[in-house]
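Heads up, there are several structures right after this.
Presented sequentially are two complexes of subunit A, the first with subunit B as partner and the second with subunit C.
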Partner chain A sequence: MFKFYMPVNVASHIISFLAALVLLTAFGMLVQKRIYGLIRLFTWQGLFLSLNTAFVGYVANKHHLYISALLTLSLKVILLPYILHILIQRLKIRKEVETIVNVPMTMLIGIALVILSYHLTAPIRELSNLTTRSTLAVALATVMLGLLMMITRKHAVTEIMGFLAMENGLFFAATSATYGMPLVVEFGVAFDLLMAAFIFGIFFFQINTAFDSLSVEQMARLKEDD
Partner chain B sequence: MNPYPLIVEMLQIATLIVLAPAFVGWVRTLKCWAQGRTSAGLFQPYRDLDKLFSKDILLPENASWIFRFTPYLVFGTMVLAGGIIPILSIDLPLAPTADVIVIVALFAIGRFFTALAGMDIGTAFGGMGSSREMMIASLAEPAMLMAIFTVSLANKSTSLSQIVHVIYSGQSVLRPSLSFALLAFILIALAETGRIPVDNPSTHLELTMIHEAMILEYSGRHLALIEWAGMMKLFLFVMMGMALFAPWGIAPRGDIAAIPYALVITALKLGVMGIVIVSIETGLAKMRLFRLTEFLGAAFLLATLGMLSYFILD
Partner chain C sequence: MNSSTMILVLLGVSLGSAIVLAIAGSIKLAPEINVLGSAATFAAGVGLALEVYAHGAMLAGGDFFYVDAFNVYLAVLTSFVSMTTAIFSRRYMKREREHGRVGHIRMRFYHAMYQLFIFSILLCLLTNNVGVLWISMELATLSTVLLVSLYRTPNAIEAAWKYFILCGVGIAQALFGTVLLYFAAEKVLGEGVGALLWTNLGRVSGQLEPTVLSLAFVFLMVGYGTKMGLVPLHNWLPDAHGEGPTPISAVLSGLLLNVALYALVRCKVLVDGAMKTHHAGNIMMGFGLISILVSAFSLLRQKDIKRMLSYSSIEHMGIATFAFGLGGPIATFGALLHMLVHSLAKSAIFFTVGHASQMHSTQEIDRIKGLFKGNPLVGWGLMFGIMAIAGMPPFGIFTSEFLILTATIKDAPICAPFLLLGLGVAFAALFRSVQSMVSGNVPAYQKPITAAHVPVLLHMALVFAIGIYMPAFLNQWFHTAVESMR
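Entry: the complex of A and B
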C-alpha cells in the first residue's frame, strides 16, 4: 500500500489547524450576506472537513475514515453546492440575504456560543484519550453556529444552508469524538442528505409559486385566522 | 558599563527615523507601477519633508498650545515606540520599561492629541476627522489588544523582546491561534495606519478624509513632523507584526555580529511587506465609513477566535 511518512504530531497539528478553519468558515457563513458567497463558504467548509477526516484517519490508522472523507468530498464539496447553484439560478435569487439580528451582534452571540460549547465539552476532554478530543468543542460550536444561522436568517435557502452547516458539525463531532460512525451509518446519512436536498428543492419551487417569495415570514399567512 | 545595548538602541532609532520615509517611498513607487503610472522615486518622501521643513509655519488664529504641541508629541511617541519594538536586536535598554500594552497606549496618546488638535482650531473638517478617528480607535484597540494577548499567551510574556526570545528558543509550529491573531493583526494594522480599505492616505477629497482631515490646518515644520510620524507609524506596525509573528533576522541577545545581517533582513522584510500592502491596496476599494464596524468587528472576531482556539486546540 502507498505509504507516506509524516510524523504523527505534525498531522495532529494539521488536524487542529483544519478544525480552526472549519470554525472560521462557520463564522464566515454566519456573517456572509451574499448567497453565492454562502455557497462558496459551505464548499470550503466541506473541503476542510473532508481533509480533516482524512488526517484523522491517518493519525488513528482507521482506513474507513478515508472512504468517509471521499464521501464528504464528493457530496459536500461537489454535489450539494452544484445542486444549490442550480436551485438559485432556477429560483432567480439575486438579492442580498436579509438577517434579523445585525452582523456584529450575531458575531458576539457566536463567540458566546463557542465559549459555551468549550465549557460543555470540557468534562469529555478529561475522559477521552483520543488525539482528536480537543476538536470536539469546535464540532459542537459548528453545530450551534449552524443553528444560530437558521434562527437569524429570514430566507428559506439560507436556513437550509444553516441546516447543512449543522450536519457538517455533527459529522465533525462524530469524527473527533469516536473516530467516525460505522460506514453503513455514514452512507445512510449521506444518502438522506442528498434526498433532503432534492426535497428542499421541490419545496422551494412550491413555496416560490405559492407566495412569490422565499422569505419564511410569508409563511405566517398559512394560519387560518389571518 | 557595557556600552553595546546603548549603541544598539541609538542605531535602531536612527534606522527607524531614516528608513521610514524610504519605506513609504517604496510603497508609493510600487503602487505607481501597479497602476501604470511613473513613480516619483524612492526618495520623494525625503524631498517632501525637506520642502516642508524649509517653509514657514502658518498658525490658525485661535490655535491653542495643544495645536502647537501635538506634532512634537506625536513624533516623540513614535520615536519612543521605536526604542521599544525590536527592529534590529532584542538587546534594548528601553525594552524592559514597557511591554506591548504600553506600546498600544503610546500610539493611543499620539492619536488622542491629534484628535484634540483637529478639534482645537474649530474647523468643521477637523472635528469630523477627529470623531471618525476616535470611532475607528474605539473599535480597533480592543481587537488589537486581543490579538496581542493571544500571542502573549502563546509565548508567556507581554514584552516584545521576551516574545522574540521565546520564539527563538522554542520550536514554532503551525498554530491555529497564532494564524488567527495574525489575520486580525493585519486588519487592525490597515485601520491603525490609515491604509486603503479604511482610510486613503493620498486623498484630496475632504469629505472622505479621516486622518488627513485632522491635520488639514497644519503647515511647515509641524506638518513635516506629523507626516514623518505617520510614516514611522506604518514602519513600526510592520516591525511589530514581524516581531510578533516572524521575528527571524532580529539579532538575539548579546550578538553584535548579527546586527548588519539584521539590517539586511529588515530591508528585505520591508520590501516584501511593501508588495503585500500594495496588493491589498490595489485590490480593494475604500470602504464606506459605516461598513467599518463590520471590518473591525471581523478583526475582533478573529482575535477572539485566536484566543479561544489557544485554549481549545493548542
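Entry: the complex of A and C
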C-alpha cells in the first residue's frame, strides 16, 4: 500500500492542534448554559477525539487504533448524542437554561487545572518518546475539567455530560500516553459506557418522577443531622 | 475437571442464572433459582479452591485467569456469602413484595441483577488482566445502582444517584491510573495484552519506571478507595448501603468492598516492587487511619441502624487498608483474616437488622425495641453480631484486630494510640445503640415474622469458630497469600 510519510514535526503539530480543539470544547462545555448546546459541544469533542485517534494510528502505523477511532465515532459522535436527544425530548426539558454561578471564576479554576495537569505529567513527558506525548497533559486537563463541570452544575443531565467529558479525557489519555489500550480493554470500557448510558436514562425518569424536576439541588435529604 | 473448566463453570453459572432470571424471572420459582444458582457457584468455588490448595497458584484459560491463594479465598467467600444472602433474600423479598414495596417486574430485575453482580465480582477476582479488573469493577457498580433505587422512594433515588455519580468519578480515576500503569509496563513488556497481566507485571515489577508508578498509584488509590468508601471519599457509601434493600446492603458491605481492597492491594505490591520504598504503604496507612477515626466518631451520631452499620463497614475497611499498608507478615495475615471475618459478621448483622426493621417497619434505632422478647433469635443474633463486629473475644474479629494492633505497636507505634482510640469509640457507639434495640418490652407496633435463621447462624458460627480455632488449611492459605505479597 502506498503510504505518504509526513515529517514527524508536522504530524505532531497536527496532533497538538486536535488536542487543543479537544481542550477547547472542554472549556466550552464548562460554561455552556443550554443543554442542546452542550450536546453539540460533546459531539464535536467526540469527533476531534476520533479524528485524533485515527490520525495517530496513521502516523504510528498502528492499525488497531483505526478500530478504536471507529468505536469512538459510533459511540460518542452518533449513539450517545442520539440517546441524549431522545431523553431530552421525552423528558421535555428542551428549553431549560441553567444559571451558572460565576463564569469567570470557573474559567480561572479551569486554567489552573490545566497548569496543574502540565505540572503533574511533566516527569512522564520526559520519559515518553511518542509523537503524542505532549498531549497527555491535555488529556488529564480534560478529565479534570469534566470533574469541575460535574461539581459546578446542578442539573442531572449536565452532571452526566461532565461525566462523559471526563470519560473522553480518559480515552484521550490512553491514546496519548500509549498507542491506545489493548482492544479487549477498549471494548470492555465501551460496553460499560453503553450500560451506564441506559442506567442514567432510567435515572432521569426516576428523578423526574420523584422530584418533579431534574435539578439535583433538591437532593439533599440524606445528610448527617448534627 | 481441570482448573480452566472449573473457572468457566464458576463464572458461567452466575452469568447463566442472570440470563435465565432476566428472561424467566417472572415465574414463581425465581427466588429458588437464585438460591440454586448461588449454591452451584459456591460448589464450583470450593472445587477451584481445592485445586489451588493441592497444586498451588496457576494460570488458566490461556493466561486470562490467574488464581492464587489470595484471590481464591476471596472467591470462595464471595460465592458463600452470595449463597447465604440468596437464602435470606428469598423470604425477605417475598415479604417486601407483600407489603407492596416492590412489584413483579422489579423483582425479576432484582434477581437478574443480583446474579450479574456476583458474576462481575467473581470476574474481578479471577481475571489476570488489570484492564478487565477495572471493567468488571465498573460492571459491579452499574449492576447494583438500580438495585439501590429499587424502592423508588426519593431517598432511595438520591442515594443511588450519589452512588452512580461519585463511584463513576472515582473509578474513572482508577482507569487513569491503569493507563499510566500500562504506559510504564509497555516499555518493558511491549505493547499488547501481555503488558496488563498481573503475572507479567509481577515478574518485571523491579524494572518499571518508579516515577510513573508513584503517580499511577495515587490515581488507583483514589479510584479504588472511593469504591471502598475510605474517608474522605466515603460520602456515597452510608446512603447507598442504607437505602437499598437489605440483601443488597449485605453483599455491598460484605463483598464489593473486599474486592476493591483486593484490587488496591495487588496494585500496592506492584508499586512497592518498582519503587523499593514504602511510599504506597504509607498512603494506605494514612487513608486507613483517617477512615477509622472519622467513621468511629460518625458512628456515635447515627439514628438509622443501616447507616450505622455502613459507617462500621468504612471503619473495618479502614482497619484492613491500614494493615495492608503497614505490611509485614503479621499485619498482612491479620488483614486477610479481617477481610474474611468482617465480611461474614457484617452480612449476618445485616440479615438480622433486615428482620428487625421489617418487624418494626422502620430502620430508626429509637423505634426498634424489645428484640430479645419479640424474636429471641433475631435479638441474640444481632447482639452477638454486634459483639463480634465491635471486636469482642472470642470472635474472629478480635483475633484479626489483635494481630493488627500487635504489628502496629511493633512497627509503627506512633499510630497505635489512634488505632486504639478509633476501636474504642466504635465499640462504645455500637454497644450503646444495640442495647436499646434488644432489651425492653415489645412495643405495640412490632409485628412477628418468620425469620430466615440458617444464614445468620451459619455466619456467626463460622466467625466464632475462626475466633477460637484457626483451621490448618486456612492458616496455610493465608501464609501462602502473605508470601506472595512480599
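Note that in this section the second predicted complex is superposed on the first by the 204 of 226 C-alpha atoms of A that agree within 3 Å, B and C clash if a C-alpha of one lies under 4 Å from a C-alpha of the other, contacts with A are read in each partner's own complex, and residues count from 1 in each chain.
The rule is short, and it goes like this: a residue touches a chain if its C-beta (ideal position, glycine included) is under 8 Å from a C-beta of that chain, and two chains touch if they have at least 3 such contacts.
Please read these numbers as outputs of a predicted model, since none were measured by experiment.
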Superposition on subunit A - do subunit B and subunit C clash or fit: fit
Subunit C, subunit A and subunit B - angle at the middle CA centre, rounded to the nearest 10 degrees: 150
Contacts of A:Val184 with subunit B and subunit C, given as first, second, both or neither: second
Which superposed partner A:Phe27 touches (first subunit B, second subunit C, both, neither): first
First (subunit B), second (subunit C), both or neither touched by A:Ile199: second
Contacts of A:Lys92 with subunit B and subunit C, given as first, second, both or neither: neither
Subunit A residues touched by each partner, larger count belonging to subunit B or subunit C: C
First (subunit B), second (subunit C), both or neither touched by A:Met107: first
Touching partner for A:Ala174 - first (subunit B), second (subunit C), both, neither: second
Contacts of A:Ala137 with subunit B and subunit C, given as first, second, both or neither: first
Closest Cα approach, subunit C to subunit B, once both complexes are overlaid on chain A (Å): 19
Subunit A residues contacted in one complex by subunit B, in the other by subunit C: none
Touching residues (chain side subunit A, partner subunit C) in the complex: 120, 123-124, 127-128, 140, 143, 147, 150, 156, 159, 163, 166-167, 170, 173-174, 177-179, 181-182, 184-185, 188-189, 191-192, 195-196, 199-200, 202-203, 206-207, 209-211, 216, 219, 221-222, 224-226
Complex contact set, residues of subunit B against subunit A: 173-177, 179-180, 293-294, 297-298, 300-302, 304-305, 308-309, 311-314
Subunit A to subunit B touching residues, read off their complex: 13-14, 16-17, 19-21, 23-24, 27, 31, 103-104, 107, 110-111, 114-115, 118, 134-135, 137-138
Residues on subunit C engaged by subunit A in the complex (per definition of touch): 129, 131-132, 134-135, 138-139, 142, 145-146, 149, 152-155, 157-162, 164-165, 168-169, 172, 175-176, 178-180, 182-183, 186-187, 191-193, 195-196, 209, 211-212, 215, 238-239, 242-243, 298, 301, 303
